[in-house]
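Pasting the structures here.
Paired with chain B in one complex and with chain C in the other, chain A is shared by the two complexes that follow.
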Partner chain A sequence: MSETVALKSKFLDDDFYLPLLRSFSDDLSGVYAKLEMQINEEKFKALREHCHQMSGASSTYGYPQLALLFEEVETLVTKDKHSKKILLDYLDQFSEMFDKVRAGIC
Partner chain B sequence: MTQNTLKNRVLVIDDSKHIRNFVKLVLEQESFEVELADCGEKGVELALASSFDVLLIDLRMPGISGVEALSQIRSSGSNVPAIAFSAADAESVDLENSHFKTFIPKPIEITELISTIREVITK
Partner chain C sequence: MSTYQGRLLLVDDDEKVCKFYSATFAREGYTVSTCNDLEAMREALQNHSYDAVFLDLNLGNENGLDGLPHVLKNAPYSQVFILTSQNNLDKAVECMDAGATWYFTKGSEPTEILAKMNEFLQEKKNLEANTDIESWRDGLVGESPAIKETYETIRKLKSVDSTVLILGESGTGKEIIARALHQSSDRSRGRFEAINCGAIPENLLESELFGHKKGAFTDAKADRKGIFEICSNGTLLLDEIGDMPLTLQTKLLRVLQERQIMPVGSTQSIDIQTRVIAATHRDILDEVKSGRFREDLYYRLSVVVINIPALRHRKEDIPLLVNYFLERFNKRFKRNVEIPTTATLNRLTNYDWPGNIRELQNAIERGVVLSSDNTLSVDNMFSHLHYSQRNDDKEVVAQQGNFEDHEIFDKPLTDAKQLFEKTYIERMLRICKGNVAELARKSGRYRADLYRMLDRYEIKVDEYRQG
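Let's turn to the complex of A and B:
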């Protein structure tokens, strides 16, 4: 079984920000569930807004790779170049990325 | 004079809980007093109900936008200075016509956030 590679925030070494980073990491399960629901129920406008919001939050919290992933989905939906299959593939990528963020906090 | 009366008061209006919490933590560390609103409607209500030294308003929110929120605040006679923040490019933000003093891009850089707020308050 391969070990999850940790994704570390640029703020991780500063204890001042640790509670915020933990809170962000703890919320990722809920973020995943919301993304999954929005894709499965084809609520694309809500999905676009959610991805926009999470992209800004991820970059501010020092996770540019995660921000980029959210931005890609936001752009796909904005340009109407999405399909359910493509978005479900992204859901897998989000799951992996969220695991990496959690691994970085532990 | 209490400690609180010496603090500059900032109202942060943003639909992202993570952004609100981040900005609050950073600004309180710098001795600002921070109030939070999670949408434009609530932001307008708070801005008109209390006194602030500066408003920090996200441009893109569900419900009323940051531009609309500030427009409603101005229509009610408040001239409190306001700063826009957004993931959009600075060039795409019409600061003059929307009554914002300036613009802070996302991702938020802490030093820029603090210096911009101080600059706007002292002007």
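Let's turn to the complex of A and C:
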């Protein structure tokens, strides 16, 4: 079984930010659950707003790749180019990315 | 701990983002407050003055940019920085055209944001410190004998540190006078802070004023300096001092006498050199007489008293004020509205302006914004009055009471004033359909102030909502 590649925040080297990064990483399970619910229940407006918010938060916490993934979903939903299947694929990508973030903190 | 740099307000609907920037700015010595929507922002701006406001553009269902005019108008001494995830040049230009100081994206390095913000704040401080000796007159408009007397008092107080009590109706410009006193004094390089004693709950006000130690109460997660200590070499405006709870009045008196504060939860006093200016729209002697305000504190605060005249008592200043606001709003809205005709000016001068300069300012802003032919129209400027006139049907008039026929004129002044206040609130509540926020806007009073009046006169807001 291959090890998860870590995704490291650009602030990881500054001890001051470590508690904040931990808190961000701890919140990701809740973020995933919310995304999953919004996709399954087709709450696209809420999904778009959530992705916009998370894109900003990810940039702020030094995870540009994660921000980009959220932005992609936000754009898809805004332009009405989404299908449930595409969004579920993205959900898998989020799951992987979140694991990488967690691995980066440990 | 870094030395105190200033006070910032973060407006962002995402708690994670608020948490990150609060920590980042606090590490550099800033005191940071956060809020998640525009309503909370408006309330925060009412309670404190901020060196800078960081505004997110996407606030859930709200557009953050809609809050910008409110900040520019009500907190003209704050710099506004946009902090958004929208990396869009057109948007940045739009925001800066609308009056924002700078535009940051959320991926920016915090060090860059801090450096740029410090640059702008320093630039502003240098500008204030280096302008000519009468620069404190910025925002003070008028040549009437009454206002000239105020200028003269400010000049006389230039090199003294006396406590000043500013009295004046709502909208007369008490904070502008307080800033002028600070700006013209030897303390102008120190900080100026303002706090609204009537809008902050009693339990928080003590900690805001005097600070607290970590663990002093449930939310005290770290030591925090109070506003007295923050501007120890500067000036503190205690706005709406007449609304300060009696228990805190006692503590304030001790601070003024001993020049020492005691943070909540601490056993050690801290020496302070803060100059205090107090202001109120209330009849403070009446408050003293009724026992709501300590007499000894009144004497301590009223070393020098500045009475700002109501606009109706200095009508000769109205043309100057109209030109001043016209120039400002033409610049802000990129319009070219011409100076009013003599007939229009007569209408403006004949009106009594119960909301004082604030009401006049709003009228001119409305006149500029709604003008379709570059002229100031009386209809546009007075449209806020038309609204109430439309509601002046017989029923309302009957309910509101006709003062001509009323026994109001046979009453002692204090009772007559209270009767008028009660009737005014009832009438306005009817017009605003029980919406206290709208009532606050229309009456030019703080909500906390209104709630206190509602309580005092036993007026039930719900009854107005049902109608």
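Descriptive notes on the structure:
Definition applied: the second predicted complex is superposed on the first by the 106 of 106 C-alpha atoms of A that agree within 3 Å, B and C clash if a C-alpha of one lies under 4 Å from a C-alpha of the other, contacts with A are read in each partner's own complex, and residues count from 1 in each chain.
Going forward, contacts are C-beta pairs under 8 Å (C-beta built on N, C-alpha and C of every residue); 3 or more make two chains touch, one makes a residue touch a chain.
Please read all numbers here as calculations on a predicted model, not as lab measurements.
Legend: residue contacts after superposition of the two complexes on their common chain; A:L20 is shown touching both chain B and chain C. Contacts of A:F98 after superposition: neither chain B nor chain C is touched. Shared-chain residue A:Y90: touches no atom of chain B or chain C. By the touch criterion defined above, A:Y61 lies against chain B and chain C together after alignment on the C-alpha atoms of chain A. Across the superposed pair, chain B and chain C both touch chain A at residues 16-17, 20, 23-24, 27, 49, 52-53, 55-57, 59-61, 64, 67. Chain A makes touch with chain C in their complex at residues 16-17, 20, 23-24, 27, 49, 52-53, 55-57, 59-61, 64, 67. Those residues of chain B that touch chain A in the shared complex are 15-19, 21-22, 25, 29, 60, 62, 87, 106-108. On the chain A side of its complex with chain B, the touching residues are 16-17, 20, 23-24, 27, 49, 52-57, 59-61, 64, 67. Interface residues of chain C facing chain A in the complex, by the touch rule stated above, are 13-14, 16-17, 19-21, 23, 27, 56, 58, 60, 84-85, 105-107.
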